[in-house]
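Since the structure comes first, as structure tokens, the remarks are kept for the end.
So that you can tell them apart, the chains are marked A, B and C in the order they are listed, and the count of residues begins at 1 in each.
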Amino acid sequence: MNHWDWHFVWRTLPQLVDALCVTLQATALGMLLAATLGLFWAVARRSAARLVSWPAAAVVEFIRSTPLLVQLYFLYYVFPSLGVTLSAMAAGVIGLGVHYSSYTAEVYRAGLEGVPRGQWEAATALNLSKWDTLRRVVLPQAIPPVLPALGNYLVAMFKETPLLSAITVVELVHVAKDEIGAETFKYLEPLTLVGVIFLVLSLLSAAMIRYVEAKWTLRRIAV
Amino acid sequence: MNEQPIIELCGVSKSFGQLRVLRGIDLDINAGQHVSVIGPSGSGKSTLLRLLMTLEKPDAGTVRIDGDYLYHLDNTNGLRPAPPRHTRQVRAKVGMVFQHFNLFPHMSVLRNVSMAPLRVQGLSKQDAQQRAEDLLGMVGLRDKLDSYPHQLSGGQKQRVAIARALAMQPKVMLFDEVTSALDPELVGEVQTVLRELATSTNMTMLIVTHQMRFAQQIADRVVFFDRGVIVEDGQPEVIFSNPRHDRTRRFLQTVLEAT
Amino acid sequence: MPAIFDLLPFLLDGLWVTVQVTAGGAVVAAVAALGAGLGRLSKYRVIRAVSATYAEFFRGTSALVQLYWAFYALPLLVGLQIDALPAAIWVLGLNIGAYGSEVVRGAVLAVPKGQREAAVALSLTQRQCLWRIIIPQAVPAMLPPIGNLLIELLKSTALVSLVTLSDLTFRAKLLRDDTPDRVLEIFCLLLLVYFLLSMAITSLVRGLERYLGRRMDRVRSA
């Protein structure tokens, strides 16, 4: 039997806080990538040219159908053999971003489909270029309604950052298990703390998203 | 003079938040009576029926069905709230047909009608199906036993719903605007079924309807509802040709003009 | 490059573990999702609270953290070693089940109110109403999201390679250690196998949707 050791908790907390910074950094950078790349997929999938839309759909489908962990291994272990060596953090961020771009692509797609056809037609009638139509007319209407859904995937991605420990990124789980745990053979406190940190942060962010969403809905009704 | 009413409402009130939908309703209905309930929309007619079906709970007052309190237990020290089981037993004497049919979409017509006798009354499968077939024959749908609700017209759906409610052999049937959701040309077939039911059985019927002519024909008693109270209650001839209250008169005028 | 397929037999030795965890996890998830999804609609506060806590807890912490916790921390707490395979099945199943409870809840709430009222009018008990009226109508709406969750489950089974279970991913890592120069082939093959498994799940669920298709038409248009 092992007893919960508060002294040990306080002693290791600073280490975990440092690791949390790495986790948050990876989440932020990963989301940046996922948000941009996902938009790219969504627009490409709507392209009239089959040569564009079809491969985009296939790639998204493939990314979403295979495990993030394997994709991370691919980036970290296979890419060097192709002459591209990535740091663990870089591989982690790219892996997260690319994997989640397959989810954000769906979100953007829903947003794009929510824009009435008449908007495209009106822009065409004004002789706007396709690019301008997209950028100045369609996207400004398509994106705001789906921001909460994007936010939810941000939280989901945050909860998958522990996978980065498998490619030696020194984030929360790596520190808890492979540094603190492996050194002291005490796993209960660090792993429980990590669980609590994730729980608190994801509950907080979910509540925040709901709050923002409710405010927006109210404002939209008011308009 | 020893006849006990089959439905007795005493001081029944119901509010939704600030809105007082029923304001102290007293109403006795004798077994075998056919009562048309009329009144402007929003006056509380549906709420009254739903209360008898236990789909809503009254805030105050008592309801008795066939002598038994619906929401209360009677003991020597007066009344106390009844457990759900008691309520279930008492309301088994009541059946209801809804404006929007509420047929079970995943069951065939036969299953819709035979399911409750089979599962609730514990009839054998054969007996339940026999009863269902007889009732479906009565409403003119013997050839639709194996159809599914989405394959039926609105009028046919509503006739199935009537058969389904009758299959539980209730003593009281509640009809809440059962023709309001139908295309005009389908209203007749459902009204015909109700008329037959009224003439050929001594079923107690409460019929909420906006079709005044039908209300007059089918009923031996008419209740006019307005803003949660019963304004007028009497024989159809009296209410329709010579109402005592101004509210009733004006309501009938607007409704009859509209049709 | 047909040579790539000589790696396949070794890799596929891990397939059985992957399939076991996926199938076992799916069963755990289905039970948990139904229990917690209906539990959140219960009229008893305690049941609602327990169901919501379960769902929030498993959705709020990360699957890998849960797995490590069950693997490294829990044995210290209870003082006995837990078998890796059942532990993995339970953890991943409960994790996906937490998401599934939302699906169940949503689908049950989407059944029109009139259906419940008709059941009351026919004196059905609450249990009969649930199993004979509500659930049969809710299931068709659940299928597409369930398909997605099954794929999430399959993908999450790769995590069991991190707790010493010899699944597909674990075998791939062993292969990499043996033949580091073939790392590209190994992981391409691995991705392909997972992709095919996902496709299999997708077509299974689609088949089920088609099978229930007639029923769904009924539900939609009645």
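FYI, contacts are C-beta pairs under 8 Å (C-beta built on N, C-alpha and C of every residue); 3 or more make two chains touch, one makes a residue touch a chain.
Nothing here was measured: the structure is a model prediction, and the numbers come from that model.
Interchain contacts link the chains end to end along an open line, per the touch definition above.
Of all the chains shown, the one with its CA centroid nearest the global CA centroid is C. Taking the mean Cα position of each chain as its centre, B sits at the greatest distance from subunit A. One finds 46 Å separating the Cα centroids of subunit B and subunit C.
One simple way to say how far apart two chains are is to compare their mean CA positions; for subunit A and subunit C this gives 21 Å.
Chain geometry summary: the mean Cα position of subunit A and that of subunit B are 56 Å apart.
Residues 56-57, 59-66, 68-69, 72-73, 76-77, 79, 151, 154-159, 161-162, 169, 172-173, 176, 181, 183-184, 187, 190-191, 194-195, 198-199 of subunit C touch subunit A in their complex.
Residues of subunit B touching subunit C in their complex: 53-55, 88, 91-92, 94-96, 98, 100, 102-106, 115-116, 119-120, 148-150, 164-165, 168.
On subunit A, the positions that touch subunit C within their shared complex are 1-2, 62, 64-71, 73-74, 77-78, 81-82, 159-163, 165-166, 173, 176-177, 181, 186-188, 191-192, 194-195, 198-199, 202-203, 206. For subunit C in complex with subunit B, the touching residues are 112, 114-115, 117-118, 120-125, 128, 132-133, 136-137, 215, 217-222.
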